[in-house]
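So that you can tell them apart, the chains are marked A, B, C and D in the order they are listed, and the count of residues begins at 1 in each.
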Amino acid sequence: MTHKRIRIGMVGGGDGAFIGAVHRIATRIDDGYELVAGALSSDPERALASALRLGINAERSYASFTTMAEQEKQREDGIQAVLIVTPNHMHYPVAKAFLEQGIHVICDKPVTKTLDEALTLKELVTKSGAFFALTHNYTGYPLIRHAKHLVDTGILGKLRVIQAEYAQDWLTDKAESTDNKQAQWRTDPEKSGMAGCLGDIGTHVFNLACFISGQKVQSVCADLTAFVSGRRLDDNVHTMLRFDGGAKGMLWSSQVAPGNENGLKIRLYGEKAGIEWSQESPNELWLSVFGEPTQKITRAGHGAGEEANRLSRVPAGHPEGYLEGFANLYLDIGIAIRAIEDGASVDSVQGLIPSIDDGIEGMKFITAVLESSAQNSVWCELNDGVN
Amino acid sequence: MTHKRIRIGMVGGGDGAFIGAVHRIATRIDDGYELVAGALSSDPERALASALRLGINAERSYASFTTMAEQEKQREDGIQAVLIVTPNHMHYPVAKAFLEQGIHVICDKPVTKTLDEALTLKELVTKSGAFFALTHNYTGYPLIRHAKHLVDTGILGKLRVIQAEYAQDWLTDKAESTDNKQAQWRTDPEKSGMAGCLGDIGTHVFNLACFISGQKVQSVCADLTAFVSGRRLDDNVHTMLRFDGGAKGMLWSSQVAPGNENGLKIRLYGEKAGIEWSQESPNELWLSVFGEPTQKITRAGHGAGEEANRLSRVPAGHPEGYLEGFANLYLDIGIAIRAIEDGASVDSVQGLIPSIDDGIEGMKFITAVLESSAQNSVWCELNDGVN
Amino acid sequence: MTHKRIRIGMVGGGDGAFIGAVHRIATRIDDGYELVAGALSSDPERALASALRLGINAERSYASFTTMAEQEKQREDGIQAVLIVTPNHMHYPVAKAFLEQGIHVICDKPVTKTLDEALTLKELVTKSGAFFALTHNYTGYPLIRHAKHLVDTGILGKLRVIQAEYAQDWLTDKAESTDNKQAQWRTDPEKSGMAGCLGDIGTHVFNLACFISGQKVQSVCADLTAFVSGRRLDDNVHTMLRFDGGAKGMLWSSQVAPGNENGLKIRLYGEKAGIEWSQESPNELWLSVFGEPTQKITRAGHGAGEEANRLSRVPAGHPEGYLEGFANLYLDIGIAIRAIEDGASVDSVQGLIPSIDDGIEGMKFITAVLESSAQNSVWCELNDGVN
Amino acid sequence: MTHKRIRIGMVGGGDGAFIGAVHRIATRIDDGYELVAGALSSDPERALASALRLGINAERSYASFTTMAEQEKQREDGIQAVLIVTPNHMHYPVAKAFLEQGIHVICDKPVTKTLDEALTLKELVTKSGAFFALTHNYTGYPLIRHAKHLVDTGILGKLRVIQAEYAQDWLTDKAESTDNKQAQWRTDPEKSGMAGCLGDIGTHVFNLACFISGQKVQSVCADLTAFVSGRRLDDNVHTMLRFDGGAKGMLWSSQVAPGNENGLKIRLYGEKAGIEWSQESPNELWLSVFGEPTQKITRAGHGAGEEANRLSRVPAGHPEGYLEGFANLYLDIGIAIRAIEDGASVDSVQGLIPSIDDGIEGMKFITAVLESSAQNSVWCELNDGVN
């Protein structure tokens, strides 16, 4: 069997951007993709310069994503999928443009700026028949897959408590008043939407809690704060959670917690066992069956099963990290896209790739948390916005 | 200067009890106390057997705590202080009996069964002129003292976020249906009061958050659960906190979280720095000044100051633990009692020994959390009950 | 059964000493001993002052240990055992004086200044009929007992590799040129013997390796260094080990390794499993059965057995430390002394209390390491000196 | 500037091989290379199948590496560098073939089967004018670069002690008797050379100790063992080290230590500070300046400098791992190759890429350790073999 890479284009992600480079590396790690087109910047000259640096032919560097969508559609060797790595407010229009051309969409989170947009987007996805993936990349870590497997197979028993957190410190000072572009757009309601820390990293850990537990969050009771004077969006999120399967939880997300770099941590406790995982030590999962010593399960090591091991590249003890986790998501997306283009079943990755529905859940979460906090922490249901 | 130990008696703590033995060891570690009397059990025979085993003379083994209070008061060599280590519901009557005799009281937490009792107890303390200490023992850990010092001296800057948790797993199953006496009384409203996990360990971490931060909790928004079927008191506590100094926090306390033994952990974040401490690794305090590498401050090691070092017995790297932390509290209580009996000032330990006021705060906390949870997590102020 | 404490005296350990205070705390923790006599300093005034501060009657504060041995022997309430906590060079004469009076001896390590003294001491012990214990305190940690149990019961299979280390940093600079009394005597051949770091802490980890493995070290191949200019004794020990049961090992001991406080760590690997334990986290033992996930066994937690649990005072997750480990050794010594005085068997603690034979092994080790290093690291057998 | 990838070919690394896939991923991560040719297996059919799967054109899949060297040399678009990822015994002949064509060589370690081959290879490298890199990949970890920087700039002061170890457990049982191909060739003297564990992983940690310290090992005193019955090469290495700059060290390497996955750990102690780094937690470097609290320096975090940060792709707290470390080595190799092809200076990466000289050092190390062990651990100098 000869090697065929999936042809992809990118919108956003020009020089100076952060997440665009991450997506590109993730697509290269397992050599399943080929970046052949891009609208890397809204400034045509910067877009072209970035494109050339990335090995994209000049003729396929576009100044406009709509042009890109149309022209790529026309080409025989046109892109099969687009990667959207813009600030949040552009996710919707870009996704729309490519879906209307029937091109698969791989989109960064949060899926849109508003819940309404997300709901409309779902209609577009359905109509298009194209594949839509949302890059909640933490779901790609092998031991997260194993954690989900442990829950799914009943090792934990009925879940009771879920403690989720994602803490950073990079916005402890008012970085948006410096020339820090990441800080600028992420604290700007025009570009980020109504959620700051909540949308940026809160949605990630929310998604992860749902992914592993297999439960949906039913309602939230939240207290948002913008601690830094003059900041326009929240930089600290406190929320209690009630899951539809009966579990209760807490979610803490902060960007003003000195000493935390990317402190995403999740703990789940059931009637029979508990598990604990931390993104900063992603090659370890701690499993405590009640009444037995805690076990350290390692990526590719003794105790991890096939659902984790198929996503490992190097032996246990050789750490894989964030980029490999991201690449795992692209591995599964690749499986899905190839299956779809071959008219085959995507069963093998069913439920493993965050979808438009997960994006909608995330927007419901944002909406409910904002509402709860605005109403002095009354419990708000996640389906409120869907009426 | 010759050595003079403080003469003490104990109520509760007979054979089979847990915390009584802990108090006794704590009083012995630095040789500042002498146990000479006791009402160790309500069963006179068991009381006597326990007393003899502990080296207490038969004549000073009492079947009734009121008799003990009266008779010890009469003796020239009578006890100077009583240690109350009974189940919660007995704290109030026992403390009352000894305070009325002018005997100092060292009482386990939570201070009483109800807030009303605690308020009354304060009046009794005031009237008696005796010293009253509440054994929130975690405040005795040297690095907790250092943490408080770091906050007090402004190293953290204005506090923003406080994350507090205390998780155990020993009540994951319905242990109260077995012959586990600890489980029986701690889940029994008659003996524990209206709070289960909340009163047992939630109050500890609540107290610790206040002790270190120097702030009071103003209001709580709580969600209590009894996960184990048929359990009469909460076994999991989720609550958000608002502090009077502007900080916000979360407190999680659970006794149904498999893999957690005594997972008391506290993290405080201010405008300038953050700190993190965990009871299971008490000889380390992590200090992260924003913009600098995180420092590992060790007990008696480089970076710890006098407020911590005066409570260290062995060099850095030789771990001290729970019993030494408890002993530290007794060290400070001893200083206070000696000062009071000498008519001297207790300034040197002012604010370091949990007092009846801290006990009242704890009862307000319990009351407010129960109320908030009963009202579907409405924010409840801690002073509500005091009107 | 009424409580009867073992009456003890102490030689050395006056004000300013370190290890004397540690022994005293260790004897108090479980209330099994009563300190009633002492020759705490060679200076009578300092001795008396220290004695009074410790609650020893003036008449039983001695200026000379020989007088103490003689006079205590005469008293009906004379001491049953003496604790020797002097610098190394005094161990032998003091032990001799008390053994000749038939008084039990509890002696700090290394047992003597020379191997010859140790061998003679063994004869004295035998002749006296008294009990002799050497305070290799690390053997008292509950999880060290559990480690020994795992080896003894074959969980590890035949042992192959033993990696032992004990690193400190307090002699990184030339502390003996300051007024640091600990540094002065420990680097002085007159008081310490011919071994510096080797005798001070190297013997501890050597003893521990033998204690857990149940094997003797057959030969050593060593490279000693005094890194600090002008230091008269070694401050860094590198040695390879061959055990009589076929295992091979390494032992590193250093007092010039910045960042190490009391970094005693031991790892044993057999045909079927490996274990790892570190003194700075003594409440955890890591067990890796080949082919299975590593288990975290905690003191008093799931996975620890009776041989560990009988030495635990507080529940799992409430850390016990160095002093409790030391107290455990005193617990077992107390059992032995009581049994001997009752004419009963000491079987229950057989092999658990470091003896004069362990002291001799330690001196052989010191002797062999010094000789090996002097001969440019030729392998030297441990029985060389015994001819 | 448009993007130009370096054209590479690979010898070895067909289906089922481990390290070939690692090299390929490492070359892709930063998109600096393009794999266009290969002699992936000595079996032409398997070679072709592997090549096609990797996107190599059939015409550039070679059955013989000599043919490949000759034909690629002829092509205008011929490979610029070859990656040698065969078992050890093939390193020399393959490297020779490509160097004779003036093609750059990137070779796995140990560099050759014997020291003589390594010395001859150096002559070939010199004569060829081509670039030769040895993939001691651990040198590519950002915090290893930072560690080297700390030593180079004197933060540690004069080095005293270096403790190096690399422990695994995968050969605890006799895996070479199963169908484990990795185990088969790595324990076979014909394919591995005279060193087993010593050559496989001992050389890695040896190289790392020299890389960071900037010192050469002058002599070794070693004790090799093959613990598994019937194993033909060592599976456990104990050796003491003396460095030419005055430091002393120990190196432990094992493949029979249950619980160790890839436990490469290195600690360096100088007169002023110590550092500690472990490959399984590669995003943390612990720095202990004597007299100050230990600092946790994180990749891309506060405290890391430019020499580390230029090799980071994602923010601090998003772990990078083994593959990224490997990719960093390829980044620097790419800089060197481009500089050489442009006739420019390679100064910026001077001393950062393991070279043929490092390969020779490794072979001297192997030779000296084998000799020392054969002579019952006599100290052997590393230059012995070069006479």
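By definition in this document, a residue touches a chain if its C-beta (ideal position, glycine included) is under 8 Å from a C-beta of that chain, and two chains touch if they have at least 3 such contacts.
As the structure is a computational prediction, the values presented were derived from the model and not from experiment.
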| item | value |
| --- | --- |
| Duplicate of the A-B contact set - from B-D, C-D or B-C, the pair where over half of the pairs recur | C-D |
| C-D compared against A-C, more contacting pairs | C-D |
| Distance from chain D to chain A - Cα centre to Cα centre, in angstrom | 35 |
| Separation of mean Cα positions, chain D and chain C [Å, integer] | 43 |
| For chain A paired with chain C, centre-to-centre distance based on mean C-alpha positions, whole Å | 55 |
| Residue numbers of chain A (touch at least two other chains) | 260, 287, 294, 298, 301 |
| Arrangement of touching chains [line / ring / star / complete / other] | complete |
| For the chain C and chain B complex, residues of the former touching the latter | 1-3, 5, 18, 21-22, 24-25, 28-31, 52-55, 168, 170, 260-263, 279-283, 298, 301, 313-324 |
| Residues of chain B touching chain A in the complex | 160-161, 163, 165, 169, 172-173, 221, 223, 225, 227, 236, 238, 240, 242, 248-250, 252, 254, 256-260, 267, 269-276, 286-290, 294, 376-379 |
| Of chain C, residues touching chain A in the complex | 287, 291-298, 301-303 |
